[in-house]
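Presented sequentially are two complexes of chain A, the first with chain B as partner and the second with chain C.
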Partner chain A sequence: MRLFMHNMRGMSVFPVLLTVAAAAGLFLLPNFVESTYALHIMILIFISVIMGTGWNILGGYTGQYSVGHAAYFGIGAYTTLILMQYHHIAPWYGAWVGVVVAVAIALVVGSICFRLRGPYFTLASIAVAEIFRATALNLRLTNGAEGILITDIPPFKIGNTVITDFMSKVPFYYMGLVTLIIAIIVTRMVQNSKLGYYFQAIREDQDAAHSLGINPTAYKNAALAISVVFTSLAGSLYALYVGFIDPSTVLALDLSVHIVMICIIGGIGTIWGPAIGAVILVPFSEALRSNMIAQALIDSGLISENSRIGSFLKDQLSHAHVLIYGILLVIVILYMPDGILGFARKLLTKRRKETI
Partner chain B sequence: MAILEIKNVSKFFGGLAANSNVSFEMTQGMIMGLIGPNGAGKTTLFNCITGFYPPSQGDILFDGHRMNGLKPDAVCKLGMARTWQKVRPLTKMNVVDNVMVGALCRTNSLHVAREIAMEKIKVVGLGSRVKSLAGSLPIGERKKLEVARVLATQPKLLLLDEVMGGLNPAESEEIIRLILDIKEIGITQMVIEHDMKAIMRISDKIVVLNSGEKLAEGNPQEIVSNKAVVDAYLGGE
Partner chain C sequence: MAVFFQSLISGILIGGVYALIGIGLTIIFGVMRIINFAHGDLLMVGMYLTYFLFTLLHIDPFVSIIVTIPLMFLYGAFLQKFFINRVLDALPQNQILLTIGLGLVMSNTVMLAFTSDYRILTTTYSSSSFNVFGLSISTPLLISFAITIVITAILYWFLYRTDTGQAIRATAQDRGAAQLMGINVKRMSIIAFGLGASLAGTAGALIAPTYYIFPQVGSVFTLKAFVITVLGGMGSIVGATLGGVLIGIVESVGGVYIGSGWKDVIVFVVFLLVLLFKPSGLLGTSKD
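Presenting the complex of A and B:
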């Protein structure tokens, strides 16, 4: 028994060391990786982790399933680019203006929509995001359906020293990594605080929480605000990295669904769930889109290129990523309702029980 | 001194009067039984008192505060806490975390909250279940968890809605003892209960509701010998 207790305590040091080592590895990675494509995928993963981690505070911990988070992603993206392009405000200030604007709008939306519960809230969140998409499509400020294409990003200077000129992918990689780490640290802090207990109480039973002295609307708004900070930052980062935004990419329902999918597949209401979800989903959908999977199947000799199935896959699989997303989601919900992380944990505790 | 005064409280749902003109007082430290046939308006009255429904008419005074229009969270902060007829455990959280949510009503420190929670868990006798998920508890323990959670909010007045409902006689006996222990600490309690033997044993005063109206009020002996009450329960001529 004594030994067991010791082991238990040893276990809690191990993940911390592992996390620090992983973070250090990620910081050093660009020194070893030459491939810009690999960096590109990493940056896309980071952006997804940041927005998934943000959504997770509201959806995972507080139980408010917003399927309209693209609105805040888009507000971050548009604010940063509009300020940079038309008002010559550097994006590292613009991104924070974006955060302030997104949070302010989110609180107005929240105080209206949080009167609704469960699926009704979800529907309202979709409607709100669609309002923003339609607005961006028709405003001159956002340049309508043409979107905004940035010409160049001013170099990032401290004093007179140029830190970076954004010519390569590396600065975006580090911006993503740092934001991601902050998002995960914030999630950890929330989980180990009164806020985290109150968020989860609201998720489990709003009326019970209310009767225990918790103001549900106030705490839901707090969760939304924290959530939107990271969603908006992810939007700004995406806009700067890709250099082009329009309503059908940064304000789309697809994007809102993608954010939720990352969390559901990884594991809702856990610190690492969104990260795991993004690491699986982003490369997977990239591979589908770029026809890598069909090509791999053909190259491996499993399917002949000239067979009907082979040519069908080669022609059609890249268009089918939404369909495959859907199938994946159904499988996860049916067989791993707590996501991949929850499923792995269940396996681990089962095995631990068996060994004892 | 009256800790709770209900003055002519009515609650209408459309044309239906779930409570009409109910008045009574509770003094510090007493246990009051609230009884009545199904649909008499007991739970509605609980909901009015604890802020889940605003009363349509009348006043509710608690500890010198006028409660009308206060939300449940504010009511809880003033020192009034309720349990639910249909238990509401926070199922994916463990027992100590459930009770900590109650304790956090008075403190911002998780450490302090955990200490308060552990103490209340012991009071209700769930000491061996601290790490169990609330959703995995059987009904008897869920009822105890509800009581521990409201005790952790450090209330002056507790409203218990059928804490013995669905329990076997041994478990009911434990709850009865728990209610009497809570009285010893000096917490005033209002108890809704269908088990007449239990309610007669623990109550200092009983209020009987029928069709939303107060039918009778008195000590247990007066209530059992009250003809109107007997008629309401057994059916008059």
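Presenting the complex of A and C:
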């Protein structure tokens, strides 16, 4: 235990080993898990972690609270699917085109909006996302409110060997996992680099950072660009996996809020915060949505299926998943404002003080 | 030309209601520096109140505001005292998320209780209109506009002529200094949120006869409220009044000439431009 505490302070072997072991475990998981539902949940978690980790670079480390990241998620999703459906460009190229388009647009938006601070920036980011949503609703290119439905994904080949034909969930699982690992490695690299210190300096005090020679707009744009790469990739992955996109799912304000929530619930400005947030939020909301919790309550014998409460829960609880989401959000903000990671850390230091 | 004037008039009439929404948001922001993302949901609660007062107790929607205003005030005061008040010194993203969370709770509670069906409140005069100089004016819109003017006048009188009103404005100007002058800042915050909620609720009541009523209706109005307040200058009451009417006109005229699909784009582009070139708003003088 002492060794562990000691290692927590500096660069150490133990957490790295643990991370590598966890990653290896995740890589092997599809070999042991047969259930497609479990894989489905894992893929949804991966997508959420990727977009949360992306937002975290801008919101967590640089302190720019964008509530409009759905715009970049949507740009990634739309670019990939438009190129694939209408121009027959394979999605593994399309996704990168999506990244380029999203970053280019983000830099234009950023150089305009980063002149604003605090709540004004937040409002501007919402406005930008709403402009994209309304535009996608009206353009023929994006097929308006009908959205785009994938007919089929071409098989992924290297040379003449078919690597995968995307018939099962496994290829999506690995695409998500690899992107997620890259996102976390990038966050770690950013956190310990000069760039990351500039970001955090801007977050703590923009004017002081500026007077020390850090150009706030340039570095905010850098943070936005890194952030958008992952948000856009998450969008492309989502579009390919789900196979259908429309403005009210991939460009909605709800999605932007969901992205921020993942980070806040886990712990903002930390490497593992978004991952923890996603691991808690995604299965929870899926369980509610699919009526698992109501069924479990009935099965456990706590509530009889034929009683009024039982039938009410069975009919309504799946509709209530957003309600519980909202309640959770309020509770976390009021009682754990630093997220679950911050809360756990506080408990740990308290206990450590008590033992000393 | 008749089409232009027709859309102009409808714009001004609906703009009155928008002004109420904007004034509510701007008072809350002024006093607490909190952007209330649940503002549209408060409006939605007002709509449902009005709907049930009408269908169950047969109270005319325009009369029912006598009940809606105090109820929504109490509801707003409750939200401030038990939730908002605890994050006044928190990070801005936490304040935003708390109001988003409260909004989600409101809209989904309503959905759970009354399903997500669209409801329509039909009064005897819902679709009636009359002609003035060849322009047709919708009766419910005109009545709601008249009520808006009365409420706005009372509100101005309250804020500029009474001690409590001046204390609220003082708190909005400088919270610290107001406290030093012996103003009970906590109480002012509760009153401000109550006022904001009752204005949003009233706006909901006023548009209930002419709008679809459903649990998710709030988000549209939350976004509109942001545009209106920023346009007028965050914290400026006169600005929000003008901003509301202006957005009403832009939407109505834009809907006719550019098509209803693109009018939202125009509104948000205008919003962004104002944010960028005059972030203090058209009438704002606030420091930040």
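Keep this in mind: the second predicted complex is superposed on the first by the 344 of 356 C-alpha atoms of A that agree within 3 Å, B and C clash if a C-alpha of one lies under 4 Å from a C-alpha of the other, contacts with A are read in each partner's own complex, and residues count from 1 in each chain.
Throughout what follows, a contact is a pair of C-beta atoms (placed from the backbone, for glycine too) under 8 Å apart; a residue touches a chain by one contact, two chains touch by 3 or more.
Note that this is a predicted model, so its numbers are computed, not measured.
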Chain B versus chain C, judged by how many residues of chain A each one touches: C
Touched partner set for A:Asp207, first chain B, second chain C, both or neither: first
Which of chain B and chain C A:Val322 touches, first, second, both or neither: second
Which superposed partner A:Asn215 touches (first chain B, second chain C, both, neither): first
Touched partner set for A:Tyr197, first chain B, second chain C, both or neither: first
Chain B versus chain C as contact partner of A:Val242, first or second or both or neither: neither
First, second, both or neither for A:Ile333, with chain B first and chain C second: second
For the chain A and chain B complex, residues of the former touching the latter: 192-194, 197-198, 200-201, 203-205, 207-216
Interface residues, chain C side, partner chain A - complex: 33, 35, 83, 86-87, 90-94, 96-98, 100-105, 108-109, 111-112, 116, 219, 223, 226-227, 230, 234, 261-262, 264-265, 268-269, 271-272, 275-276, 279, 288
Touch list for chain B against partner chain A, complex: 50, 52, 71-73, 76-77, 81-82, 84, 88-93, 97, 100-102, 104-105, 108, 110, 113, 149-150, 153
Touching residues on chain A, where the partner in the complex is chain C: 59, 65, 67, 112-113, 115-120, 122-124, 126-128, 130-131, 134-135, 137-138, 253, 257, 260-261, 264, 268, 316, 319-320, 322-323, 325-330, 333-334, 337
